[in-house]
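Below is a structure I'd like to ask you about.
Order of writing sets the chain letters: A, B, C, D and E. Residues in each chain are counted from 1.
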Amino acid sequence: MTEAVEKILSNYAGENPGVIGNLRRIMSTGTLAGTGKMVILPVDQGFEHGPARSFQPNPDGYDPSYHPKLAVESGCNGYAAPLGFIEAVAHEFAGEIPLILKVNNSDSLGDPGQPCSAMTSAVSDAQRLGCSAIGFTIYPGSGFRNDMYAQIRDLIREARAVGIPSIVWAYARGGEMTKEGETAIDVIAYAAQIACQLGAHIVKVKAPSEAVYLPAAKKSYETIPIGTLEERIRHVVQSAFNNKRIVIFSGGAAKDRDSVIEDVKGIHAGGGYGSIVGRNAFQRSHDDGLSLLRDIMAVYAS
Amino acid sequence: MTEAVEKILSNYAGENPGVIGNLRRIMSTGTLAGTGKMVILPVDQGFEHGPARSFQPNPDGYDPSYHPKLAVESGCNGYAAPLGFIEAVAHEFAGEIPLILKVNNSDSLGDPGQPCSAMTSAVSDAQRLGCSAIGFTIYPGSGFRNDMYAQIRDLIREARAVGIPSIVWAYARGGEMTKEGETAIDVIAYAAQIACQLGAHIVKVKAPSEAVYLPAAKKSYETIPIGTLEERIRHVVQSAFNNKRIVIFSGGAAKDRDSVIEDVKGIHAGGGYGSIVGRNAFQRSHDDGLSLLRDIMAVYAS
Amino acid sequence: MTEAVEKILSNYAGENPGVIGNLRRIMSTGTLAGTGKMVILPVDQGFEHGPARSFQPNPDGYDPSYHPKLAVESGCNGYAAPLGFIEAVAHEFAGEIPLILKVNNSDSLGDPGQPCSAMTSAVSDAQRLGCSAIGFTIYPGSGFRNDMYAQIRDLIREARAVGIPSIVWAYARGGEMTKEGETAIDVIAYAAQIACQLGAHIVKVKAPSEAVYLPAAKKSYETIPIGTLEERIRHVVQSAFNNKRIVIFSGGAAKDRDSVIEDVKGIHAGGGYGSIVGRNAFQRSHDDGLSLLRDIMAVYAS
Amino acid sequence: MTEAVEKILSNYAGENPGVIGNLRRIMSTGTLAGTGKMVILPVDQGFEHGPARSFQPNPDGYDPSYHPKLAVESGCNGYAAPLGFIEAVAHEFAGEIPLILKVNNSDSLGDPGQPCSAMTSAVSDAQRLGCSAIGFTIYPGSGFRNDMYAQIRDLIREARAVGIPSIVWAYARGGEMTKEGETAIDVIAYAAQIACQLGAHIVKVKAPSEAVYLPAAKKSYETIPIGTLEERIRHVVQSAFNNKRIVIFSGGAAKDRDSVIEDVKGIHAGGGYGSIVGRNAFQRSHDDGLSLLRDIMAVYAS
Amino acid sequence: MTEAVEKILSNYAGENPGVIGNLRRIMSTGTLAGTGKMVILPVDQGFEHGPARSFQPNPDGYDPSYHPKLAVESGCNGYAAPLGFIEAVAHEFAGEIPLILKVNNSDSLGDPGQPCSAMTSAVSDAQRLGCSAIGFTIYPGSGFRNDMYAQIRDLIREARAVGIPSIVWAYARGGEMTKEGETAIDVIAYAAQIACQLGAHIVKVKAPSEAVYLPAAKKSYETIPIGTLEERIRHVVQSAFNNKRIVIFSGGAAKDRDSVIEDVKGIHAGGGYGSIVGRNAFQRSHDDGLSLLRDIMAVYAS
């Protein structure tokens, strides 16, 4: 129980103690315990991109135990994965590190026309498996937006009633959205706002680029400094209820170590709450992934 | 209770004793009892392909009793079929051989546009009929993916609660998937991964070909040996949670005895957990089918 | 699947295949598999009489694993115990030997005034734990008779719906019933009839004495041969729907080996379906208990 | 995650990961984290004995925050209390120390004739408040035994389904039970056995005296060494499934420091899993209570 | 929103905003708005004592509109009554003054043997009628204690879920409790503690006398100053979670104006949160009742 953590939790004052307790637990775990910052290891790429693309770079990753072990060893605040990966390890890791059950998932073999993940597990699974949060992906921009927003509405309500907070992965995608638009600063800030408005306790977005995508938004951005990553992060955090909701950032595809650390420094400088680091962690060799995670945490701890 | 079986069951440590017990029962039945390997006789072709295509090659198969008798006589680990076939024989075979209720089915008279089996029976039917598992087919790649994943999510949860494990038939199909793609090594491995992530206790896939289908996956397969069936099976088993989930393989359409045995040898050599042998068993004459099943088991017992 | 077993099961022709299957499973397990006879090891004395009285004679019995191991080793058809003992071993023994969950229990520290066991577990527990039957004690003669009959009515109905048969322990007790009356031939036969009428699939009663307890029944027994145990067993079996329900007998408190075997010979000769042997098995040393169980089975197999 | 803890958890192998995770969490908290031993601070005396009798010795204890703070400061494994006390502090302490919701309680103003606590909160409260376990008191010996056993049966089942373990306070009381009988070694061992058979994950009993209460049990105790507290504890632990269930002991009314420590040494030497220390902790001055708790933990850590 | 009110609400930090909001509404109404003190007008005497005894002293009181009008006119914080009285006026007063639905009631025509009010309305009635709280009477000491505690457990949970706080009238009564015991300081303090532990948001007790009733409590009271009403109130407030729950006091039967005011001064001086004034208000003439209520409020405002 540190001042930094309690200050963040005071932004969730209307929540029940179960939800607050799980958020406190996540922020009281690992290397960054008590700092109010967090690094989460998510491994849903086996489902989303297929096993070979995900795990062949470091074949240890085919094993479901590899990831939570890495998360514990490196001092992560939590480990997130789809049902099967969580089921394979929960008896061993529940109570040891906060588990986050990703309750919807997409695969790359086909799709329902517009981006929309399938519901692959439930709040009752999270309870049975001792999870500290659920995770859910929304695709603002998709033609199936309304289905996803209604799903997350119901899931957050059901999860809260049993003391479980919700983490929303907010990725604008679908419809006429361009690839560039998906990471444009206005779109990322907007996606963060939507997730917060939907009741997310923690929001995960991609690191924003300098582009402004929506024509109607261009004017507004004339007066918002977005030249540096730090500035853009600051704007996203502001867009997430003026810093009153936890926003964490993903780095995307695996890349070189220096770029990763550089990004993290920008996120930290801009007031981001932390990083969700998947491929950059588990697609490296064990020692390399471990040391990169530790370096990332060192930035947030600084 | 053998070391081989208990070692496999230890991979399901988070499951309740009812589910574990039924998995143990399946692995403690028949010729391969105690080896950790299994051969299952499935007969859903009457539903899927029509009676004449299915049973005319060996007209004894029109009779629902023929198949479970063959399964018992040959020493199979279980017998799988749709509701009607199970109902016709359960009073005689429940408690004698593990029955597996196939709870969704397609027919060849028409379809809903994209591949998606109909829900044809329920977990409560499996209980009433004394079944040891349910079976469910998913078609990753189909435009109805989300419906099927949500269905199996609910079925697995409901079945687990009453101690019944779930076997998932994972066949990529639909959307833009080509016929060749359906059995490509990357697609089969991916389908196995998806089934495991969805919480399947046993996964059934087709034997994979040497093709790599998804462009995004081609690079990954440059370093994965897939030249022989043995190698490909090894990769599929690795993709099923690094060997921590039971994966069994089907042989597809009836073919000559030697090819069947050759395939089984490859599956066994690659670490596959067994075979699901339908048409190659019941579309032969009784004695021929029986001896082929026994030969297959001899390979797995070796 | 033997003729002996199928003949017995034909007496339950109206039951669903799940119930039939579990009865078949019980009769297809252990040394007596296929004979239609059964020996069951029940261990509820820890609850009913307290741990020291139950287990001190053979302290290995304090360990919940001891008993199902003994049951398997000796070739019993099933192992029956209260919730805690079953929960402690089900993950290891479900699927290996039929587990029977005793869903009500009494202790000796106090009571509700008239004999009436407490409900201590539920049908859903039996499912979760992979049990093949539930067990329930009724005390005909008790002032709380109506409560117990209503409870077993509901339990049998609920268990049947999910394919689980019910074993009823029928012990006349309470009200003005004397100690001698509890085992009188007329009372035992009556208790067996009541259990059958309540829908029990298997009935367990004590071995009857030559006494006739109820004044109104005395005349009837003038013409019923009850001089030997064999004759009395024959009458009890007849009273259990003319042999159409499975009736098994308990021996009661531990006693010398020869008496036990003598009783079993009488039960077998009279057409009893088997024995439920608790204290005479687990209160002996391991080797002694094992060899006695085997000797008992040898009688039934003869 | 230590070997000591994982070895204990292996005795609960049939439980779901949620229950296991919460047990692991309790054993991974505080000074005794990882040792497999535990000290829990329970404060239900305000309800059971009234506020003045409970808190006047140290008036800080009138404040609901005092106790969980003391529990955290002293390094306890958990804090147990009725609904009101937990509600008053859960938003601050959930996620910081395992909270245990006592779901039934008695007061001293009156009673329903025979000992039987009132149901005062529910499993859903435990979820909403972020609790890691529920607690429930049974009174074996009471004429309302059957009601209480049925209540705990339902609560354990409901709590397990959502991943919450159950702690059973087992106090023989009521009927013809004498005051001396309540703590007699045979009665305490029996009460522990009953709680285990009812499915308790953790059992709490009083430290046993040398008396043997039940006439029928006297003979058994001729061969059981019960002369020292260590020996008696060893017998109670054996009676709790041969050491396979966690049994912790309460010390009862406040007494002098040396007696408390002496008792704890006996519990530790006899293989007890720990202590539940209420009045001896919070009825002392803060510093005195704190140092006593630390001294107790030092014994268990030795 | 005043500091005084927000400080009180901070003691309910784990509650949802709906409950908090209704508590804030009650404390933001009437003459005492913003002071953190409250005076509530309750009129359940028509039900509890019969109409003539209740309303003949001031026949205007037969009219259900009389009371809420008086409450508004005098500046009360709320008006409490049974279903019928609330239904008769809610369309006119909901939104005007917080209505409190008394959901259980006793009459004086008979009783169920031991004190236990009948459930006379439901949480859904409170919603339908726009009420800001429900009220419930418990009788600690009654042989039906367990029934009442279970009822209030369920009602509080249900009401909270829809944002409605609960006010518990806690009156020790029944069993062997004497008339003098009912208002003894130890019993009143104990009753307040019980109500708080049961989760009451506001507790209502009678003003305590100097007597100490429970023999076991006498020693504790040797060191607690209870000579004046102020001291006794201070002890009761301390017993209600050290001032962290709102406790208000009733005056009982109608009496002379000076005694009432004297009592209120004592309550205020001792830190009581307010008064619930029924008969002393509505059994006087309108003007007299009005001016007495105003005088009472003047004390609390001072």
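By our rule, a contact is a pair of C-beta atoms (placed from the backbone, for glycine too) under 8 Å apart; a residue touches a chain by one contact, two chains touch by 3 or more.
The structure displayed is predicted, hence computed values, not measured ones.
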item: Third chains touching both chain E and chain D; value: A
item: Lowest number of touching-chain links that must be crossed from chain A to chain D; value: 1
item: Selected pair, greater C-beta contact count between B-C and A-B; value: A-B
item: Chain occupying the middle, per Cα centroid; value: D
item: Of all other chains, the one whose Cα centre sits farthest from chain B; value: E
item: Centre distance in Å when chain A and chain B are each reduced to the mean of their C-alpha atoms; value: 35
item: Chain centre separation in whole Å, for chain E relative to chain C (CA means); value: 58
item: Between chain C and chain B, distance of the C-alpha-averaged centres to the nearest whole Å; value: 39
item: Mean-CA-position distance for chain D and chain B (Å); value: 48
item: Touching two or more other chains - residues of chain B; value: 13-14, 16-17, 20
item: Arrangement of touching chains [line / ring / star / complete / other]; value: other
item: Inter-chain touch pairs (all); value: A-B, A-D, A-E, B-C, B-D, C-D, D-E
item: Residue ranges of chain D touching chain C (in the complex, touch as defined); value: 11, 13-15, 140-146, 148-150, 153-154, 157, 172, 174-177, 186-187, 189-194, 196-200, 214, 216-217, 220-221, 223-224, 235, 238-239, 241-242, 244-245
item: For the chain A and chain B complex, residues of the former touching the latter; value: 46-47, 49-53, 56-57, 59, 62-64, 82-85, 87-88, 90-92, 105, 107-113, 116-122, 124-125, 129
item: Contact set on chain C toward chain B in their complex; value: 1, 16-25, 28, 72, 87, 90-96, 124, 127-130, 161-163
item: Chain A to chain E touching residues, read off their complex; value: 13-14, 16-17, 20
